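For reference, chains read A, B, C, D and E in written order, and residue numbers begin at 1 within each chain.
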Amino acid sequence: MTLTIIWLTPLIGGVLIAFMPPHWSKLMAAITAIFTLGIAAAVALTFDPSAHSYQFTEEIPWIPQYAIFYRLGVDGISIWLVVLNALLTVIAVLATPVSMRNANRFLGLILAMGSGLAGVFMAIDLVLFYVFWEAMLIPAYFLLWLFGEGERPGRAAVKFVLYTLAGSLLMLVGVIGEYVATGQHTFDLATLATIPPSPAIQFGLFFVFALAFAIKTPLFPFHSWLPDAYLAAPTPMLITFAGVMGKAGAYGFLRIAIPLFPNPVLWWDWRWVIPVLAVAAIIWGALMAIAQRDMKLLVAYSSVSHMGFIVLGIFALNVQGQQGAVLQMVNHGIIVPALFLMVAWIADRAGTRDRSALGGLGARMPVMAGLFIVVVLAALGLPGLNSFVGEFMTLLGAWQRTPVLAVLGAIGLVLAPVYMLRLFQGTMQGEPVIRKPMTDIETGQLALLTPLILLMFVLGLYPNVLTQLMSALGQAGLAR
Amino acid sequence: MAVAGGIGVITFREPIRCVLSLVVVMIALSVLFLLLSAQFVFVAQIIVYAGAVMVLFLFVIALLGPARESARGRLRFQPWLAGLFAVVFLVLAWTMLQGVQYRQPDVADLNVFGTVQWIGIELFTRYLYPFELTSILLLVAAIGAIYLSRKVDSREGGPSGEGLRPADGTGGDLPPPVDR
Amino acid sequence: MNTGQLALLLLLLPAAGALLLAGRGWRMPRIVTKIVGPGVVWASFIVTLALFIGKASGDITYFTWIKSGSFVVPFNLLVDNLSIFMCLVITGVGGLIVTYAVGYMAKEDDPSYSRFFTYMDVFIFSMLLLVLAGNFVFLIVGWAMVGLSSYFLIGFWYHRRSAVLAARKAFVMNVIGDVGMILGAFVLFTTYHAITYAGVFQKITNPNYCPPNAICTLSLRIATDSPTLELAAFLLLVGAIAKSAQLPLHTWLPDAMEGPTPVSALIHAATMVTAGVYLVGRMHPIYDLAVYAHAAVAIVGAVTALFAASIAIVQTDIKRVLAYSTMSQIGYMFLAVGIGAYSAGFFHLMSHAFFKALLFMAAGNVIHAMNDEQDMRKYGGLLKQLPRTSWSFLIGAVSLVGIIPFAGFFSKEQILGAAFSKPDDTLALIVWGIGFVTALITGFYTGRMWWMSFAGKPSPDRPVEHPHEAPSVMLIPVFVLAALATIGGLIQTRALGFGPQAVSDFLSSAVGVQPWEGGIADVIVSIITMILAGLLFLAAYRLYVTRAWKPWSSRFPRFQTLLERKYYFDEIYNAAFVRPMDAAAEFGLRDIEQPLIDGVVVTTGVATEASASGLSLTQSGYFRNYVLVFLAGACIAAILILVRASS
Amino acid sequence: MTLLLATDITYSWGQAVSDLSQIAPIAALTGFLLFAIVTDLALPKSRRGDAVAMVAAVGYVLSLAVAVYRWNYATGGPAYKGYATGDTFALFFEIMFAVLGILTVAISHPYLKRRGMLEGEFHILILATVIGMMVLASATSLVTVFLGLELLSIALYIACGFARGETRSQEAAAKYLLIGGFASAFVVYGMALIYGGSGTTVIPEIATRLQTSSSGNSLILLGIVLMGVGFAFKVSAAPFHMWTPDVYQGAPIPVTAFMSVGTKAAAFAMIIRVFAGGLPHLAPEWQALLAFVAATSMIVGNLMAITQSSLKRLLAYSGVAQAGYVLIGVIAGGQSGLAAVLFYLFVYMFMNFGAFAVVTLLAGPDGDRDRLSDLNGLYQRNPLMAILMTVFMLSLAGFPPFVGFFGKLFLFTAGVSAGYTWLVVVAVLMSVVSVYYYVRVLIPVWSATTRTDKLETSASSTMAIAISGALSLVLGLYPTTLLIAGQLGIPSSVFGP
Amino acid sequence: MSTLNIGGSQLDSSWFLLLGAILFTLGTAGVLIRRNPLVILICIELMLNAVNLTLITFSRQLQNPEGQLFALMVMTVAAAEAVVGLAILVDIFRVRDVEDVDDLSELKG
């Protein structure tokens, strides 16, 4: 019942809030989100690290004719994403300005999207997973389209939805194919993991699943929806959109693609294609970020690069890599929202998002500059901040798979400071370009940022708090 | 003769002649029906069909004026393509109808086969249900015809006189009505 | 307090200081900053002394940092004589320099002032973490964090574009080094399945351990070299090179002089840049086996030494001269550890810390007096006006040149002697040759620097006519270091073949004893070297002050420009890496990302729409078209079925 | 001679009663049809419309009740010498059509009022059409199938032309009639050949006879082609779909809404009866035919819907595509496949009808307003309708948790299990396209507008639309019951396991 | 009654069938080619007649009554269709004179 509450609360709350008067809506939304976060945290705290299987499981027959069950459960992998999602939803809600038009609808949609994501991470029935997977597109689409920035948000929204759907509908064929091919007529992930179909079929199924996840993550070269979407997305939405939704794709790789299709080999081994693409994403994303002048786009592409690390770790197919990947999902989920928030605030104050048109803001807003450098350093993987551990472990895993991957991936580590420091120095340092007076960060914004930055330090200084609960990864037979 | 009539139907320009040649076809067919020992159908064909229906057609044509089909309409290529596909279709049908092995006939008394009484009995016992259906069908057709051909009086404020201004019919985004 | 707590305290004191000063610390009166900034460093110096006197040692594990399958990273500190030695240098010299900075940075406004000392303390903390770390992960952590603090301090004057760029350059180059170390750690972990020094070294030196991917027949069941080991050693060397500004990753160090002078003194002379030497020394079990990597260390060191010294000849910016001389001196240290004379290397590390910090701070005084003018050609004749600074600078100079009895002599000559006297090792002899030449050049450029700045008559375009001597808070540390540079060498006089060798004895437990002994021959060679270097020091007087001889550069103008352009390294790197990267990025964005990766998607949509509008033409509204299509469909269906039935 | 004939005349009362009970829903509705005609003639003009509407509504409710009763307590079986039946298959559709009738009355009555076409004939025609559909669903002989088909068609021809004097309506009626007659000629010709090949028109008989003897096979083949073509026309599947958009656009919206759902469902009932029930042993042939049709429908329908600016036409093309999806289930066959078809048809009724119903509300006194731009700012003019429209579109597009997704899920599962994966892949790729135009409908719905007038809706329409919307969601969250009904609707005695 | 005893002989039956096919095709072609809606209606009648012929032929060949009755039904339906069709056409002609079915091309796209 607990897990059901976790996804149902924000959904119901969101629906109600969408029809509330705007000036109440933010308060109610915050209460809902915080309540959800509380439940999620409680689950995380009572989580038993020594257990080898799913916990807090719920199972209700849903469509017995097709053996479709309402199955929920969490393990060492998903629990963190659930908590992260709940946390970021809170922050997204708090980051929403009450003055916004139709704030109540906006908040309602945000909560709905959070609920969908939570469902994706908790579902352990293939169809249920798929249902959440597609259902969360609906609020995402409306958020992008109705509240998007830029001149044609609708276009970006449609592009995003269609592109994602092209993958996930093929995945639907895969879901059905798995159901048919295994011959067991079940959608239970745990069971399916024990009865892989014949390699030839795995080959095809893995392809369709991997395609869907690759588009969602996004993985090079399926990322072309991302710049448009992130550019159009309003900042509060980006917190969950960039912070969590991308992880859903990576999570899909980890939860479904790998356990269900251990050896998708026909004339060609997919398990080598993905990591190569991941490395390509790392480098390509970094290069694109270097070429960007628009700060928002720069961050967007940087997250392409970081997602590359995550996927690389997952397809290292060993414990270090995959635990590092999960760690990195959480880390990136903490860092990217902070980046987007600060970029948006800086752009608000300066009036432009072009980093080359800015400069010397550090003198005007020292506190902002200080926090910004912390976030930037976390993003470029400085030891002592959270991202380092994740990248270290993913690369270690990749090295154990084959050193070349790690070496190429490490290029991303070298390129990261280039664009990240260009971002920081371009805005904060050098001679001041814009003369108009600017205020420093406000208290409310500081309050938003504080939890994220604290988490960056905590996870950076004591990552074991996560890894110790991820022992499940080793036992779940994920690392093959 | 039937074939000739059929060709006539599709070649004559004046509708009247088409109707008449269709009558020809029907009469020819009715004879064949008789040959095939279907007296009742024969009769019905002559009376109902060739008689009533065709007369109806003639009336309508007379009512609407026997407009000759203009020599050239749109869709130049249409007749040729039509002919082509028709031929293809005929060939297909032909090849399929060639070399048909028929079922063994059930034994029936050819003396009663197709007589009026026999038909009647069949119709009211075994064919009761379809028969009733046809009655409903005709009823509905009648109602529809009545509705459509009823003079629309302006009292109902309904579609009265809309014929005079078709352009208003659909919220005003129509092309102007086709003129003669 | 036991060793563990002491080590932790030693580590946490600077961190605490940094935290105190960080953020809104400058809201407190400036005096707090003045006390806390240097105070914590001195405090940790005292702690270090406590460890030193207590002959403490041990490998203390505090808690598990990461646990992931077989990959278990404890947070453990390794306290042994090497780390204590380094801590002494770091906190001692560091303390002096931070104290000096109290005066030097006086003209900064409050926020910047406290910001500066925050950075300094962060640096001290990171450096201590680096040397105290007991496993590779934390070594890398410290390694990266010193890079970070050097980034902060180089870019301290962040409104200066040049400073910002220099900082970024330094950071990126250091990250390259970090990556090298990370990969090296990967190799060691995957080979020996251990991440702590203890674990790795134990397996390397254990004759019965056989790495999975090496062939160990019964015959050679001894700790042996292996390709993986070489690979690891080389990768670690990359880190060392980047951090210690050795060829070819050296270009960031001269630019780093954009930072305030105390920073140059502390980070880019005394401590951080010597981390590479520490690394090689710490990893000596690996390098002792990995002979090729070991030789590479020596070669890199020697070449860098010569290379940097030659550039130093033509530099006119006083700090840059010192920077290049730092590179060259560190080259000596690499040379030493590269040929296995670890203790000699670390001895030179110490004495170099003394005299180079001295030189930098004296130079700082001069710059301070000259309103931040750093061009030596605009000095001249300072000897009268700044006597104290000038004399202490001279002490540092002669120590650098290696004149007996100054510290520099004993340390440098011990290295050269060790190289000269290493039995049946041609490589050692070659690097000795290079070192010898370098020593002479060192004498020359040091002389040039000193004579140009202090001797002769004031240059016409000097910014300040009557400069004032620096305040005492800046002078006292200078004097202390001058004293150390003078007598510091006497604790180890092996270069003369007799006398104490405190450093070697102290470090022997950590890096082992130098296996060979020098003879009388290398003592004589050392003396000759010293004399020649000294003569060149004097020769510079006639060349640059009295102008009695026409300058050599007029004879080889092309060679001079080559040197002035620093062998075109920056240009080459720009052409080879920076611009290609930017170009690739631009190209990728303009010609691949948008037209191809995005283009495909967009085109699909457009094509679909086009086909749709094309199809909708068939919906002509003409009834007979519909019937035609109908019949056509029927025919197709019939054919389909016929084919299917016949087959 | 009389002696010979006397043998046949034995038709007992008991037999009559049992026969009648088998077709009870149809009988009931027919009774009300007659009643409605009488009412229409008896009452004065002013009161006719309301009265007839009332009669029709009651009739639908009653026959719905009868059908439900029979579903629960009665057993199906051949009636009238095997020309009709009241088996669960028939009942499933009869229930569905009764519900559809109710919905239609609910939305059409206010519409007719607004358009000033409040006349009894409308409901009479719809009643007749519904009867035709029910006959079709319950028919077990080619003759009755044909008659039901014609009854349904002829009534619809007139209904399409109901907006008299309105050129579009007339054109729709004319086109529909001409091409419809053409198609039914094909159908009946095919039936004739099947009859010739099998020697009977009773469908179960055909099945048994063709099983025993393969004689006259080429007759049967040609018959399958001709009938299949005609059936494909009725479900408006490409390439026999071209009448659909024109007729849908021309006809008054309630008629469009009604036929877009009803005709399709009835035609599918017919296809399943005749092909799955009558020609199971020639499955490969008609499956090949239908696969071809399904693929073209999905591609053509989805592509052509993109460029439409008229909502009616857009939904017409989407209907073409949806027919393609449903055909997948028919081709897959088997109980699971056909059950999926029944499920989908039932829920499709709510989704599509609801969508059309919302458009019905937009109609003004002078005509239908079905351009996308007419939806502008719907969420300002009537939030509830905006939300419901969104639900319908998302459901049609197949987004979970709306029911459209589950319908597709079941259909595709059947398709993949039957080995028609390529067809399913075509379907999903085309669904991506479909999302594009379904979303295009939502853009005006949720975009701001300058016009401030509220969109007032009558209680009955609101009720009907709201129920459709609610069911589109609820049946998605809990599809089990309906799915069971669908499976019961495919009695293995009729269609084999 | 059936003095000329041709029923049942294969050749003749198939001859009738082929005649039916020809007429049906003629009707089809007529629908495709002719432009006057009335004539198109007539052509459809022609097709239905062809079907009737086929039905009766089979009925005779199989000596099975269903064919004839089916033919009757078809006849009725044809009549009904004709009536409705004519009614619709008349209704249209009220508004405008359509001698070419292609004038009914207002709905397209």
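The rule is simple: a residue touches a chain if its C-beta (ideal position, glycine included) is under 8 Å from a C-beta of that chain, and two chains touch if they have at least 3 such contacts.
Quantities reported herein were computed from a predicted structural model and do not represent experimental measurements.
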Busiest interface, counted in C-beta pairs: B-E
Chain whose average C-alpha position is farthest from chain B's own: C
Longest centre-to-centre distance from chain D, chain (CA-based): C
Length of the line joining the C-alpha centres of chain A and chain E, rounded to whole Å: 66
Length of the line joining the C-alpha centres of chain A and chain C, rounded to whole Å: 37
Mean-CA-position distance for chain D and chain C (Å): 80
Between chain E and chain C, distance of the C-alpha-averaged centres to the nearest whole Å: 98
Where chain A touches two or more other chains at once, by residue number: 162
Multi-partner residues of chain E (at least 2 other chains): 17, 24, 27-28, 31-33, 35, 41, 57, 61-62, 64, 69, 73, 77, 80-81, 84, 87-89, 91, 94-96, 101-102, 104, 106-109
Per-residue overlap in chain C, given as positions that touch at least 2 other chains: 616, 619, 621-625, 627-628, 631-632, 634, 638, 642
Complete list of chain pairs which touch one another: A-C, A-D, B-C, B-D, B-E, C-D, C-E, D-E
Contacting residues of chain E [partner chain C, same complex]: 28, 31-33, 35, 101-102, 104-109
List of chain D residues in touch with chain B within their complex: 1, 4-5, 8-11, 19, 23, 30, 33, 37, 45, 79-81, 83-84, 115-119, 121, 124-125, 128, 131, 135, 141, 143-144, 147-148, 150-151, 154-155, 157-158, 161, 163-169, 196-199, 213, 215-216, 218-219, 221-222, 364, 366-369, 371, 374
Residues of chain C defined as touching chain E within the complex: 616, 619-624, 627-628, 631
Residue ranges of chain E touching chain B (in the complex, touch as defined): 1-2, 4, 6-8, 10, 13-14, 16-19, 21-30, 32-36, 38-39, 41-43, 45-46, 49, 52-53, 56-57, 59-65, 68-69, 71-73, 75-84, 86-91, 93-100, 102-103, 106
In the complex with chain C, residue positions of chain B that touch it: 74-75, 78, 81-82, 85-86, 88-89, 92, 95-96
